[in-house]
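Below: one structure, written as structure tokens.
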Amino acid sequence: MTIRDHFLIAHSLRGEVFGPAQGLHGATYVVDASFRRATLDADGIVVDIGRATDVLHEVVGELGYRNLDDEPELADINTTTEELARVVADRLAARARAGDLGDGGRELDGLVVTLRESHVAWASYERTL
Amino acid sequence: MTIRDHFLIAHSLRGEVFGPAQGLHGATYVVDASFRRATLDADGIVVDIGRATDVLHEVVGELGYRNLDDEPELADINTTTEELARVVADRLAARARAGDLGDGGRELDGLVVTLRESHVAWASYERTL
Amino acid sequence: MTIRDHFLIAHSLRGEVFGPAQGLHGATYVVDASFRRATLDADGIVVDIGRATDVLHEVVGELGYRNLDDEPELADINTTTEELARVVADRLAARARAGDLGDGGRELDGLVVTLRESHVAWASYERTL
Amino acid sequence: MTIRDHFLIAHSLRGEVFGPAQGLHGATYVVDASFRRATLDADGIVVDIGRATDVLHEVVGELGYRNLDDEPELADINTTTEELARVVADRLAARARAGDLGDGGRELDGLVVTLRESHVAWASYERTL
Amino acid sequence: MTIRDHFLIAHSLRGEVFGPAQGLHGATYVVDASFRRATLDADGIVVDIGRATDVLHEVVGELGYRNLDDEPELADINTTTEELARVVADRLAARARAGDLGDGGRELDGLVVTLRESHVAWASYERTL
Amino acid sequence: MTIRDHFLIAHSLRGEVFGPAQGLHGATYVVDASFRRATLDADGIVVDIGRATDVLHEVVGELGYRNLDDEPELADINTTTEELARVVADRLAARARAGDLGDGGRELDGLVVTLRESHVAWASYERTL
């Protein structure tokens, strides 16, 4: 089951490989969060889509409308699309384990988070739960 | 005839109406530039798509990978999606009149520029030529 | 300026032209609401996107998760995609005139509402304000 | 190899977790059916796309333009997007095994069916063959 | 009201402006045909979507799976995206006037045909009826 | 990490299963190339997106604006969407192994190439590296 949200950030990237993206710029990330499990729950769902939508909105809300260069918890990483996909996936995984997705969230097998940065480039991060 | 490109910027918006977007953040703008004329040229086209693609790429390249808050020529405006659509359209119009789109570019009747800031929000600016 | 939302309904259509759609079925309508004005306001926007998003969500919320065959205020019409686009546009127009979109909403020149019923069919309704 | 079709249904969902979706409403499901095999056949294809398109159209035609609450063979399940993806996948699998996709259909390794219920939510079901 | 179909063709384009597209190549054209009228008919529709879908399928079927360089009725034109949009629109207009879209088809005010040749380029042709 | 490009070709397909596609026609292939690795490199990326974009553009440039029926290196295969996805993937893999994607390209675990031939049909080829 997959839901879509988005967030808007400023950032810069460290490393010659990034060329002009070493300067301060920004991006819209359209986020697809996929929740996986082997069998559906008694209601016939993977996870409560209402809760999942709310939790995803909170997780991307902690990143959106910010300059990521100023975020202490992101100081150790380059905030590439790949890394941010991992950050979102890890935070969703923590919320699932904490029960914020309901009981069904604790029975998830895995997560995939895709961040689309334009119509021609995106990155995904897949992890178990 | 419409072509698509994109650019990535940082900016902030001035005014209470913008809420959290008053802080420094950023966006990907996927740009659709439409060129209109009443009748096609002798080659059966609106405008040379190769030239139009190059000119659009140059115009969005003057905006992309920048913090728009630091751009002198944008200092007078709020760099909203609406205003940026107008900026891109006006710059394309100037390039068309200057002959950068070839002779066909001088015979255009109008332009529409659409900037998509996410999967759920976009803005268009339409002008004559 | 355009924003996107969606709603889910059940309905049936009256008339032989509708074939199997005369039976009770349903649809997801992905709604694009476009707000038009000749010049931007002092903030550089067409209308407050936050208010517009909330109002659109309320308007489609009055239709969504319902069997439209049971809605008294829709009893006079066939709830085709075309008619529902008009209903959404007219309700948005009334909300704009009532000031629910802020002062900028009163300065709008026009509205276009597009309802997408599938990846291969959609309908638009355009009106002045 | 993936092909796309769609169907329109009415239904209601049983369980408090569904909130307003417990009432009779409906949805458009845009269906992506993916057919997988390790190596291509002698014609260089996964499966005859013409046959696959026809069979998918028949399978979704058995669901479309109906109130799923009244379908005896769906009485045991909640007709969530997840469950319906499984139903479509299982019916395609049965048709493949029966030879309705041609000889190539019997050599498929697996199927994935994705049902998109809106621009922000979809569900997939993956199975072997 | 808009419906979508597609067709696949080979062709070459005459004129230096087309660069490598002067050689024999091809394209998928995803076609959006929009039918316009000022007021809906008694059934609450612009035109019978079933008939319109069939007629559009026939019109694009006369172009698809062909080398357009060999089509006598296209010999006078360069088969650019722009020209082909006009061809499809004119043929739909002729079919509408001939009554093939039903009585509603004779009450249409206009048509717009958009041909999408890739994710970054498309062309539209608009005409009255 | 995935990037998108496209190419335009003419071709015909051998075999009764292809029906009208046995005649000379063509297609636009929108290409999504996905690069996979278990862990990101020191810059926080899968692969240098600039190099990957250039290499993908070169690989599809060797196919685009051609009649594939005349390409000697494709003479042994039917140039179906499935086969062409494999060709693009194999050529990208060779380029990655040759170092054309930089050092990161040599650390890739796998590739997936998807060719979209229309809004309703596409094919993917997945391989290790």
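Which chain is which? They are A, B, C, D, E and F, in the order written, and residues in each are numbered from 1.
Everything below uses one rule, namely that a contact is a pair of C-beta atoms (placed from the backbone, for glycine too) under 8 Å apart; a residue touches a chain by one contact, two chains touch by 3 or more.
Note that the structure is a prediction, hence the values are computed from the model and not measured.
Chemist: Among the chains, which one keeps its Cα centre farthest from the Cα centre of chain A?
Modeler: E
Chemist: Counting C-beta pairs in contact, does C-D beat A-F or the other way around?
Modeler: More C-beta contacts join the chains of C-D.
Chemist: With residue numbering as the guide, point to the option in B-C, A-B or A-F that repeats E-F in over half of the contact pairs.
Modeler: Residue-number overlap above half with E-F among B-C, A-B or A-F: A-B.
Chemist: How many angstrom lie between the CA centroids of chain B and chain E, rounded to a whole number?
Modeler: 28
Chemist: Measuring from the mean C-alpha position of chain B to the mean C-alpha position of chain D, what distance in angstrom results?
Modeler: 41
Chemist: For chain E, which residues are shared contacts with two or more other chains?
Modeler: 4, 119-120
Chemist: Give the list of chain E residues in touch with chain F in this complex.
Modeler: These residues of chain E touch chain F: 4, 6, 8-11, 20-21, 23-30, 64-67, 117-120.
Chemist: Which of the residues in chain A come into contact with chain F in the complex?
Modeler: Counting only chain A, the residues touching chain F are 14-15, 17-19, 77-83, 86, 119-124.
Chemist: Mind pulling up the chain D residues that touch chain F in the complex?
Modeler: Touch residues, chain D against chain F: 1-5, 34, 40, 43-46, 48-50, 102.
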